[in-house]
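Okay, so chain A shows up in both of these, paired with chain B first and chain C after.
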Partner chain A sequence: MNASFDPLKDLPKAASVTPTLDDYRRVVRRRLLLLGLFLLAIAASVLLDFTIGPSGLSLHALWQTLVDRHSVSAGQQVIVWSIRLPQSLMAVLVGAALGLAGAEMQTILNNPLASPFTLGVSHAAAFGAALAIILNLGVPGVPEEWIVAVNAFIFAVIATLLLDLMARWRKADTGVVVLFGIALGFTFGALVSLIQFVASEDALQALVFWTLGSLARATWFKLALLAVALAVALPCAMRRSWQLTALRLGEDRAASFGIDVKRLRLGTLLRVSVLSALAVAFVGTIGFIGLVGPHISRLLFGEDHRFYLPGSALAGALILSLASVASKNIIPGVLIPVGIVTALVGIPFFLTIVLRGKGVR
Partner chain B sequence: MESGAAGTGSLNIRHLQVSYGKRQIIEHLSVSGLVPGQVTALLGPNGSGKSTLLKAIAGLVSASGTVDLDGHDLLRASFASRAEQVVYLPQSLPASVHLRVFESLLVARRASGSTSPADDMAEADQLLRRLGIDALAMRFLDELSGGQKQLVGLAQALIRKPRLLLLDEPLSALDLNFQFHVMEVIRQETLQRRMITLIVLHDINISLRHTDHVLMLKGGQLLADGPPAAVITSESLARVYGVRGRVERCSQGNAQVLIDGLVDAVA
Partner chain C sequence: MRSCLPSVKTSASLLSALFFACCSHAALALTVTDVAGRTVDIPDKVDHVLLGEGRMLYSVAMMEGDQPFKRIVGWQGELSTVDRPGYAAFKAKFPQIDQLPTIGTTSEASVSPEKVLALHPDIAIFGIAGHGPGVKNELVEQLQQAGVPVVFIDFRQHPLQNTIPSLRLIGQALHREKQAQAYIDFYQQHLKRVEEVVNKVSLDQRPTVFIEMLAGYNKGGAVCCHTAGNGNMGDFIQAAGGNNIAAKLLPGPIGDINLEKLISADPKFYLVDGTRDNSSTEAGLKVGAGISEAQSRASLEPLVAREGISTLTAVQEGRVHGIWHNFYDSPYNILAIEAMAKWFYPEQFKDLDPNKTLAELQQRFLPVDISGTYWVDLKTTP
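The block that comes next holds the complex of A and B.
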């Protein structure tokens, strides 16, 4: 969060406090407390990820490995530092990235069903990544280790731009945008299948596993990259938080408040593209986090984006971290790709939003 | 009327033209001398260009001509400087915005970079009390009734302290009580804040009762311009709306329009 983020200091001094200001102060305090609780819950979930399940470590053993890595066996070192720690943290960061991307998408497309996964952005990114993985096609001059991420990003941008174009062309008709997004998803899904069809057997296995969405490919390099992306995107989003909130009141009203809506949309789409592309490039398509995270945040914090955006990121992080725990423990000894877990949890949630009638307006 | 020089604070529109593609929505529309403190109604049948006129003045659709507010042409003003003087309020809020009323007022100020958050809060608080809706402050927008939403929308506009307030059918979907209340608030605030208020209305009787000035539009052209009692006549009703109507005074002296039927050959 940016340095100037302190909603409480904004309140007038106590002497001039009226019932409304007093109530509002309480609302803001409760929200800050909730954000703190989310952080604690995420920390607890990460610990849980270490301590239960196959080759679960005791808290003591974990602590020792983290603080003094040479005091434990080489095997334990590798398990903690090279496998479990990157995976647990990857779950948190990918969850946060998808949660934030979903929240911003829902705001600029004015659609509660929008998320990178439901509107095909993840599939587009997956197609770009598949081009790199299977066919070795990429932008010339891009270093080997970046090709997948860059490809995923390019296609994510194309998909978000198409969605934005559609949203502006059919101004009020949010249902059309959702259908268009679903069509995008199908299209890129089919293209990925086409690549699978021509892929060699080894590459095919890698790709299939990858499209299921799995945290198993986490590395410290990828973690760092995603952390940097988040560290840039979140403060940028927070700086625009009032403008994004205003956009919720309607585009004309926001414009009349002096907001350059076009610029706001473009900047936001760029952030959404970067975040969802990196998430897809590193862990494959993990669905519904970008849908569920923002909805939980909206219920808890409302749509004041100063709280809604970080709330969505934290909710996303918590859900994916918990899903990662579940993926290791549903069937003992079997690590289910986490994308399958989030889909199984997410689909009923998605249907609930649609059926409650609050979905497509 | 005299043309509006700087200093009088009046609004003068000259040769305003708006077209969507090849279709001309507003043709060479000129209005002069709309003065601060007055509520001006825009009347006319559906598709006569009322909403488009408001949007053009607000800079939301491109237009040619001049819209002169206190000597400055709004059509050529920068985005930011226009937003400081003009607020446009569309017909309704999008549905299901889970935002507290109090915050929706803060947004109206903070979104364009207000630098004094404490003042914004104090002002939002005062304004809600002034409009008598302070009890709604902590409620969510998606829980409000249509009338409450309109009042909150009005508060969102007023907190920006506009010199020109543009309201697009603020009374649609309101019950009688709220129609009256909202119009009273609009008139009172217009007078006290010395704003120029332009309001699209469908109800002619409300215009007779609550507005100071009327512009009648049809097919993108201005057909009549003046005080309500002078503009709203049997003749203009027939010409603009194609109805046979009478203007009569009720027992309390208020003018009212009664519609007897349609004009046989609709112009």
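The block that comes next holds the complex of A and C.
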């Protein structure tokens, strides 16, 4: 077996240990720099999102409202504190949540097509929303302004739990889970259509707008909820980043490293379900980000989940923030549903990176 | 026998007269151009009428005397959901309304062509847009192949321009030209009164107006601002001498503007519309048949308490009014124009009483009692 073993032949490799470490350090530095650039780009995008709007408030007026809100008119206060700020921050948080959820989903299901949108979580949420919007069915005791979000959340969680159930029942066959998710999406899609069929025009319109996705109902409370969810989920995910990276080598390999794959998968699905359910419940179905954020991140950062996970979150945040800018400004004064714009903004971005093909594989 | 001769002669001449009357009538078979610009031949005998939208009943009922449903063989079923109080008003007197075959529910996609053809209508009246089959629907072609002419009308996209032609077309399709003309005269006479005052006001003197359509309905969506631009409710604002702030913003008759835009434009008048009925527990304006002014006002109050709306100058200073959403799809829209005109120019229209116009419309043209609150002021007049 070891007949061909030649210690001399292996020597030069041993000698190059230091350059490899250097390479590694360089790669890590480069990736950290890239993450930093993403953060800068997001900051710039949020700033843009915050400063541009149909009322044409000057930078000075914006600043004035930020530092001393009582010195300006009530309308201006509402514009800055209840519309611009929450919406531009919501774009970032929702984008990050969907990006992170999609990235983790793709890893644990070992499928590049996995995302909250493609695996039926968004459709389930839309079904919950439709029950509330069209049939006025909701959890008793929930105030009217919350029933849509609560319904959407519940059904999104149900969908992820079903996915998880399927994953556990079929042991590890991720292919089946993905197919099941797709079937789930079609089922809930058909149920939504069925409800639409009996809807009155105004309810139908509300539902269509809901499914197109909108940041316009961002509130500080929703922001806080989402921020807490992210603040818990991201560090949790980062703690598991080595395990998730190992999982990319294959389940058996991961198991041979001593990773409890089943537990890892369950924990990850739980995070994914909360993040995507919250995001979808608050802004409607914005499908594209959970799929594309992870791909952009993988192309830029490779499979090392220490970078791939935050990279996905940042890519998602950047796309949605840019989409928010575009949705306000394509037709001034008119708010185009952000879900429509997301794909239009995200696709060129995505294609550029794919076609450049310089990603680390 | 002899005495019979003249009578035979008379009958013969009568017969020939009838013959000529019939033939000349056939030669002059009624050909009309509908609002979609299509040429349509109206059959001489119209006993079975198909309505592409339930709300066409508003017009048909004005022309059919005491039997509004006699000739309707089928209709789109949206009336029962989009105007529950109005539906109930008709049902009270004509319980057969529930048995009327429906061709679909509330959307164009829900219409079943097979059902439509099985009803064997003599003529079909469709709207160019809305909740029934539209101009491009294959059903139109199928009906024409089956020898059923289709007339297109419009009360919703450009009501100011199309209400009178549409009424006239419905009158022609039903062979009720006289009845249609009577309402057209009534309509024009009232419109003229408003126009005489409003047309003298230059554009920059007109008050700015914003109408939030179906305010509060969009559960889970944006707080605001579904509205009308050029067309739909926007037409009535314009006719009543208002300067609709959304007209410059929206590319089509209806759409959504940014709440921020509304706040910064800060219109002089803030209007909302709705269709909720008494039993509704959902947010939205209660207006329509059988609804009291107090109920309507109570439903308006929470709508102006919403963040972003409550700080508008119009709300602070009490220039807030609610109006019936279905005016946008009804020949009653003259009432909306009068109500708005009175809001925008209270001095000039001191003597104008839209409630009187409603009473007259109902008494002269409608077989049922639709009285109720169709418009409301947030502030009670002192």
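Just so we're on the same page, the second predicted complex is superposed on the first by the 265 of 361 C-alpha atoms of A that agree within 3 Å, B and C clash if a C-alpha of one lies under 4 Å from a C-alpha of the other, contacts with A are read in each partner's own complex, and residues count from 1 in each chain.
The criterion applied here is as follows: contacts are C-beta pairs under 8 Å (C-beta built on N, C-alpha and C of every residue); 3 or more make two chains touch, one makes a residue touch a chain.
As the structure is a computational prediction, the values presented were derived from the model and not from experiment.
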Larger contact residue set on chain A - chain B or chain C | C
Classify the contacts of A:G302 with the two partner chains as first (chain B alone), second (chain C alone), both, or neither.
-> first
First (chain B), second (chain C), both or neither: which does A:A74 touch?
-> second
Have a look at where A:L249 lands relative to chain B and chain C in the superposition and call it first, second, both or neither.
-> first
Between chain B (first) and chain C (second), which, if any, makes contact with A:L335: first, second, both or neither?
-> second
For chain A, which residues lie in the overlap of the chain B contacts and the chain C contacts?
-> none
Could you pull out which chain A residues touch chain B in their complex?
-> 10-13, 16, 18-21, 23-24, 27, 110, 112, 242-243, 245-246, 248-250, 252-260, 298-299, 302-304, 358, 361
Touching residues on chain B, where the partner in the complex is chain A | 55, 58-60, 79-80, 83-84, 86-90, 93-100, 102-104, 106-108, 110-112, 117-118, 121-122, 125, 128-129, 134, 137-138, 140, 153, 156, 160
Counting only contacts in the complex, chain C reaches chain A at residues 78, 81-82, 105-107, 109-110, 131, 214, 217-223, 226, 249-251, 255-261, 263-264, 266, 275, 282-283, 307-308, 311-312, 325
Flag every residue of chain A that touches chain C in the complex, lowest number first.
-> 53-57, 73-79, 82-84, 129, 132-133, 136, 144-145, 147-149, 152, 196-206, 209-210, 214, 216-217, 284, 328, 331-335
